[in-house]
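I've put the structures underneath this note.
Below are two complexes that have subunit A in common, paired first with subunit B and then with subunit C.
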Partner chain A sequence: MNVRSQVSMVFHLDKCIGCHTCSVACKNIWTDRKGTEYMWWNNVETKPGTGYPTQWEDQDKFNGGWQVQDGKLQLRSMSKAKSVTNLFHHPNMPTLDDYYHPWTYDYQHLFNAPEGTDQPTARPISMVTGEPCEINAGPNWDDDLGGSPVYAESDPNLAGLTIEQRQQLSAVERLVFFYFPRICNHCLNPACVAACPSGALYKRGEDGIVLVDQTRCRAWRACIAACPYKKVYFNWHTGKSEKCILCFPRLETGQAPACFHSCVGRIRYLGVLLYDADRIEAVASSPAEDLVEAHRSIVLDPSDPAVIAAARASGVHDSVIDAAQRSPVYKFVKIWKIALPPHIEFRTLPMLFYVPPMAPVMANRTGAVVDGVSTDLFSDIDDSRVPLQFLANLFGAGHGGPVKYALRKQKAVRWYRRAVTVGDVDMATAERMLREADCSPEEAEAIYRLTSLCTFDDRFVIPPMQREQALEMLEGPEPHKQGAGFGFIAGPKRGV
Partner chain B sequence: MVKRARHVRPWVIGGVLLAASASPAAAQDTAVYFKQNCASCHTIGGGRLVGPDLKDVATRRDRAWLVEFILAPSDVIARADPYALQLQQEARGVVMPTLTTLDRILVGRILDLIGAESVLPKSQFAGIQISERPFTGQDINLGRALFRGDRRLSGGGPSCISCHTIRGIGGLGGGQLGPDLTRVYERLLGRKALATWLNAPPTPTMRGVFAQAGIADGEVFALVAHFEHAARQGGQDNRGGLLEFLLLGVGGAVVGLIALTSAWRNRFTNVRRTLVGRRRLTRS
Partner chain C sequence: MTNVAPLFDMFLFGALPYVALALFVIASVVRYRMMPYTYSSLSSQFLENRQHFWALVPLHYGILTVLAGHLIAFLFPREVLAWNGRPVRLYILEVTALAFGVMTVIGLVAAMVRRHSVPAIARVTTGRDWIVLSLLLLQAASGVMVAVLYPWGASWYAAIAVPYLRSLFTLTPDVTILAAMPWLIKLHIVNAFVLLALAPFSRLVHVLVAPVPYLWRKTQVARWYRRPKVAQ
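And then the complex of A and B:
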């Protein structure tokens, strides 16, 4: 057992209101530089929809992630042979148009326009060329054009749905959507790291954050093709790849990442998970139907004395183990099992988990009376407006079992809390639902509290990052002992 | 006694060394020099090669004239010396190269060497012995194989085709660095002269290359056979080598670009535009 720690995340989709505050917070801190205009390290997608970049989930088009070939894990986009044949052109790269052409508006024109008979307008201006441009797509185009039959109907997750189910998804009065915020998953088996010919991408040993070394990056862009989530971006100005850094400068000072901190719906949770690094390859090569369970099994119980001993042996600090024991992510993923990895079939073992969204309650209208209760208490999960298969494609590698389990438990918790606070549902029914959903009243209470009444400290259990230890692994502090000054490139010195 | 012996011994050794180096070593050097620089065009008593046979040369002109000519042949020709012009005519226009390594002392020693060798019944510089038998088809084929590099030269030297071309060599012809060798058999005056020449090629480029990688006698014979055959066919290698190379290069580049274009023909396609375009088509 080779125990490592990983800063992991849970996004509670049932609470996301799609306000994009996270995206804007991230943009203002990290990607408002030249060359990064089109990047959204954090973006929020509307589902069903094709996302950003368009149809990123369709690996027949982008060839991202891993596949099992001859019993071995292989990158889909890269191999030794392909690194030669794709030397001058990588065929699986999204174009700028697949993201969107970034633009701003010519606001000056509102003030400078010569006097005329019409109101002056602010025309869209390309942020790349500075020329007036036509807007064809945007970073949240599915939201801007919600229900667009061009985009929403081309969602790759609609695979396996019947024509009837597809039509219902966009039918009037049944039309449904939910939000899907995305950042880098900081995977356990990152395809971007494996694909980089320069070795510029790496996964930080102490907290599992995946980073791009800006001095080693040689603009091969193999990471961009390899990442199945399309969360590595190419800065056309600097000629280097960039990606979400999980705000590590904030984490190192005990603050939550900007998108977590600013989240209006408080959907984001962050905490440490301990995992067994020896099992990564075995877990990532599991058959598709076992992937979710196998991924969950790689996460270790931080209270188990054997795990604690092994963690100490591989240099995980006691304070990190303590943080892992209090981790909200561990509860969602491992104890309650209601948080699931996105597209685990890409086999990168993402360490960002999603609590699948509850569909809007289906009501039967009988005359003027709206009846929200059917005889089968869980019927609206099977007959949900969002077909279970759609969620299963997103969160279960096409298999509905884990998704259904998570939805049933959430539903049971809701009914239980309704019996406690409102009282219009009798407690016996609520408890029966809890039993059927594999949940105890205590667990239901805990889920309720961490979902609805969570404080800042409940949501973000940030471990002390122990940077001094991490640095000492790479370089001794002695050479810097007498060093002085500000700035990384040139120290201060006298004269001009 | 011991003291005296110490004083004497270094002087004795020095004297012996000086005496040894005085004349036999110098003669040895001159012979080597002659072999390396003169023997490819001249014999002593072996008959004419490119240049005349030097046996009893001292009886033909006086020593002062000979020294002047050897030091700067083209100068002597330039002032229209009648004998020098006659020599040039006999050599079919080939002018003896000016050797910068020569000086008056060395020229004197060479003339002494020629004088000494002339009186011998059989000089060591009578020219190499090359078989007089007629060339067979087999010889010509072997020579051609050696020229083209189908067979490596046993001494390890580079094949002729690296720098020279010859008519009928096939392909894109040979190298363009050295001259066309189609008529070299005539230029260098036939079997014996050519064989001598090949035995120790004297031109600055070839001397450097073949100094350590001499051509074996059998190979020389085969090459001479091939050159003789080529000269008999006449003409010259009339390939426009440069143009052909250029066209082949441009053609190759075009073929390569077409191949790459077809391999990556989808490189400008784009997921989003394709998606929107397809949807618009099906809806209209």
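And then the complex of A and C:
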């Protein structure tokens, strides 16, 4: 057993209100530079919808992620042989057209325009060419456009849905959508890292954060094509790949990443998961129907004495093991099993998990009245407004089992809490539902507390990995005296 | 006056090669150590995809094949001459080399058209890019013209140019070999040295960091701040 720690995440989709505060927090800190205008390391998509970049989930188009071929796990876009042929022109490279052309406005014109009969307007100016441009796409262009024949109906996750189910999703006055915030998944089996010809991308050994070494990136573009989530971006100005860094400078100083910190709906949880690095390839090669369960099985119980011993032997610090034991992510993913990986069929083993949304699922009553508390126990999950198959395509590699389990448990928790606080549901029925949903009253109470009453410290259990202090302990600060910064940033000096 | 030409030849073919090689080696190493961030091909495929294919693919396959041909003849001149002993094989070699040369020229012209005509690409194109593209075009076009005007280069290159190049490596540059050469061939040779000298100051450095180690490296890469000592 080769135990490693991974800073992992849970997004609770029921709580996401689609406000994009996370995206803006990230943009203001990291991607406000030239060449990064179009990058949204954090973005929020409307589902059903085409996402960002457009139809990123369609791997027949983008060829991202892994596939099992002849019993072997292989990248779809890259191999040793393809590393030679893809070098000059990458056939799976998305272009700026798949995202959008960033623009600003000619604000000065509002002040400088000569006097005339019309009100002056600020024309959009391309931030790439500097010329006036047409705006025909943006980072959240299909925001809230559930039911749209252009966007919602082109969602790749609609595969396998019947015509009735598709129509049900976009029925006039009853159309349904939910939000899907995305950052880099910091995968255990990252396709971007495996594809990088120059070895610039790497996974940090201590916390599993996936980064791009800017001084080794040579613009071979393989990572952008290989990441099935399209979460590595190409900086068209510097010619380097960039991606979400999980705000590691913040994590290292004990702060939550900016998108987590600023989340208005408090949908985000962050904590350590311990996993067995020796099993990554075997787990990623599992048959599609077993993938969710296999992925869960690679996560180790941080309270198990055998795991603790193995973790120590593998060099995981006690403080990290302690953080893993208190991890909210561990509870959602492993104990309660209500958080699921997105598109596990891409086989990158993402370490960002989603609690599938209940709200549109539950509101499934006929007629105009939306009734969230049906009397027929779990049956409405099967014929819900968001067809189970749609959620299964997103969170279950097309298989509904794990999604159904998560939804049933969430519904049982709601009924139980309703019996406790409102009293219009009788406790005997609520407890029966809990039993049928594989949930004890204590567990229901814990899910309720961590979902609804969670404090900052409940949501973010950041292991003490303050590298800057560790660096001083290890090397002594003297060599860094009078330094001006880190990495390739040159210090201030006089003259050339 | 009679002295001037040999003196000029001495500079172009006796001194310039060494200056170019020294510049190439020193500047490449210094840039790699001092400015690793700039060691990149600076791909522009992200901004424009279709023309990129029709320019960059012929350009690279063409130039790599032609360069490989030059290198093979440089390393094994006798074998190449023996191969060319039969006219059929010589024709095949000449036509193949010419085809790849033309491919290079087409790719270069397409790349220049792309850089000029696509506004977003023009935006990320620098003066150095134009210099490099122009010199490369001059090199490829002069090579193609040499192949057309002075045929059977596959043989005379091995017989005449290779001894000169080898004399450079033995530090006894024999410029007299080239004295009788047409100016077009001299241009081709001089421009090659100019390109060599300028390579480390341009995006051409991406040749030096071609990702060969990918062919044998492990699939995944992890970096440790301090690799824990794993108990045995």
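Everything below uses one rule, namely that the second predicted complex is superposed on the first by the 446 of 496 C-alpha atoms of A that agree within 3 Å, B and C clash if a C-alpha of one lies under 4 Å from a C-alpha of the other, contacts with A are read in each partner's own complex, and residues count from 1 in each chain.
Please note the rule applied: a residue touches a chain if its C-beta (ideal position, glycine included) is under 8 Å from a C-beta of that chain, and two chains touch if they have at least 3 such contacts.
Predicted, not measured: the structure shown is a model, and the values here were computed from it.
Asker: After the match on subunit A, would you call subunit B and subunit C a fit or a clash?
Answerer: Pair status: clash.
Asker: Looking at the overlay, what does A:P132 touch: subunit B (first), subunit C (second), both, or neither?
Answerer: In the superposition, A:P132 contacts neither subunit B nor subunit C.
Asker: Could you say whether A:T95 touches subunit B, subunit C, both of them, or neither, answering first, second, both or neither?
Answerer: A:T95: touches subunit B and subunit C.
Asker: Per the overlay, which chain contacts more subunit A residues, subunit B or subunit C?
Answerer: Between subunit B and subunit C, the winner on subunit A residue contacts is C.
Asker: Let me test your reading of the model: by the given contact rule, A:P464 touches which partner, first (subunit B), second (subunit C), both or neither?
Answerer: Once the two structures are laid over each other on A, A:P464 reaches no partner at all.
Asker: Scan A:H237 for contacts with subunit B and subunit C and give back first, second, both or neither.
Answerer: Touch partner of A:H237: subunit C, not subunit B.
Asker: By the touch definition at the top of the document, which applies to A:T50: first (subunit B), second (subunit C), both, or neither?
Answerer: first
Asker: Regarding the shared-chain residue A:A313, is it in contact with subunit B (first), subunit C (second), both, or neither?
Answerer: Touch status of A:A313: second partner only.
Asker: Going by the contact rule set out at the top, does A:G160 touch subunit B (first), subunit C (second), both, or neither?
Answerer: neither
Asker: Contacts for A:G254 in the overlay, against subunit B (first) and subunit C (second): which applies, first, second, both or neither?
Answerer: Neither subunit B nor subunit C is touched by A:G254.
Asker: Of the candidate stretches 39-47, 147-155 or 165-173, which in subunit C collides with subunit B after aligning the structures?
Answerer: After superposing on chain A, the clashing stretch of subunit C is 147-155.
Asker: Across the two complexes, what residues of subunit A are contacted by subunit B and by subunit C?
Answerer: After superposing on chain A, subunit A residues 88-89, 94-95 contact both subunit B and subunit C.
Asker: So in the complex, the part of subunit A that touches subunit C is made up of which residues?
Answerer: 80, 83, 87-90, 93-96, 126, 128-131, 189-190, 193-194, 196-199, 201-206, 214-221, 224, 234, 236-237, 239-240, 280, 312-316, 467, 470, 474, 488
Asker: Within the complex, which stretch of subunit C touches subunit A?
Answerer: Spelled out, the residues of subunit C in touch with subunit A are 36-37, 39-49, 52-53, 56-57, 59-61, 119-120, 122-124, 206, 209-211, 213-215, 217, 219-231.
Asker: Quick one: in the complex, what on subunit B touches subunit A?
Answerer: 260, 264, 266-267, 270-273, 275-276, 279-280, 283
Asker: Can you check the complex and tell me which residues of subunit A touch subunit B?
Answerer: Per the stated touch rule, the residues are 50, 53-55, 58, 61-62, 88-89, 91, 94-95, 97-98, 136-137, 149-151, 153-154.
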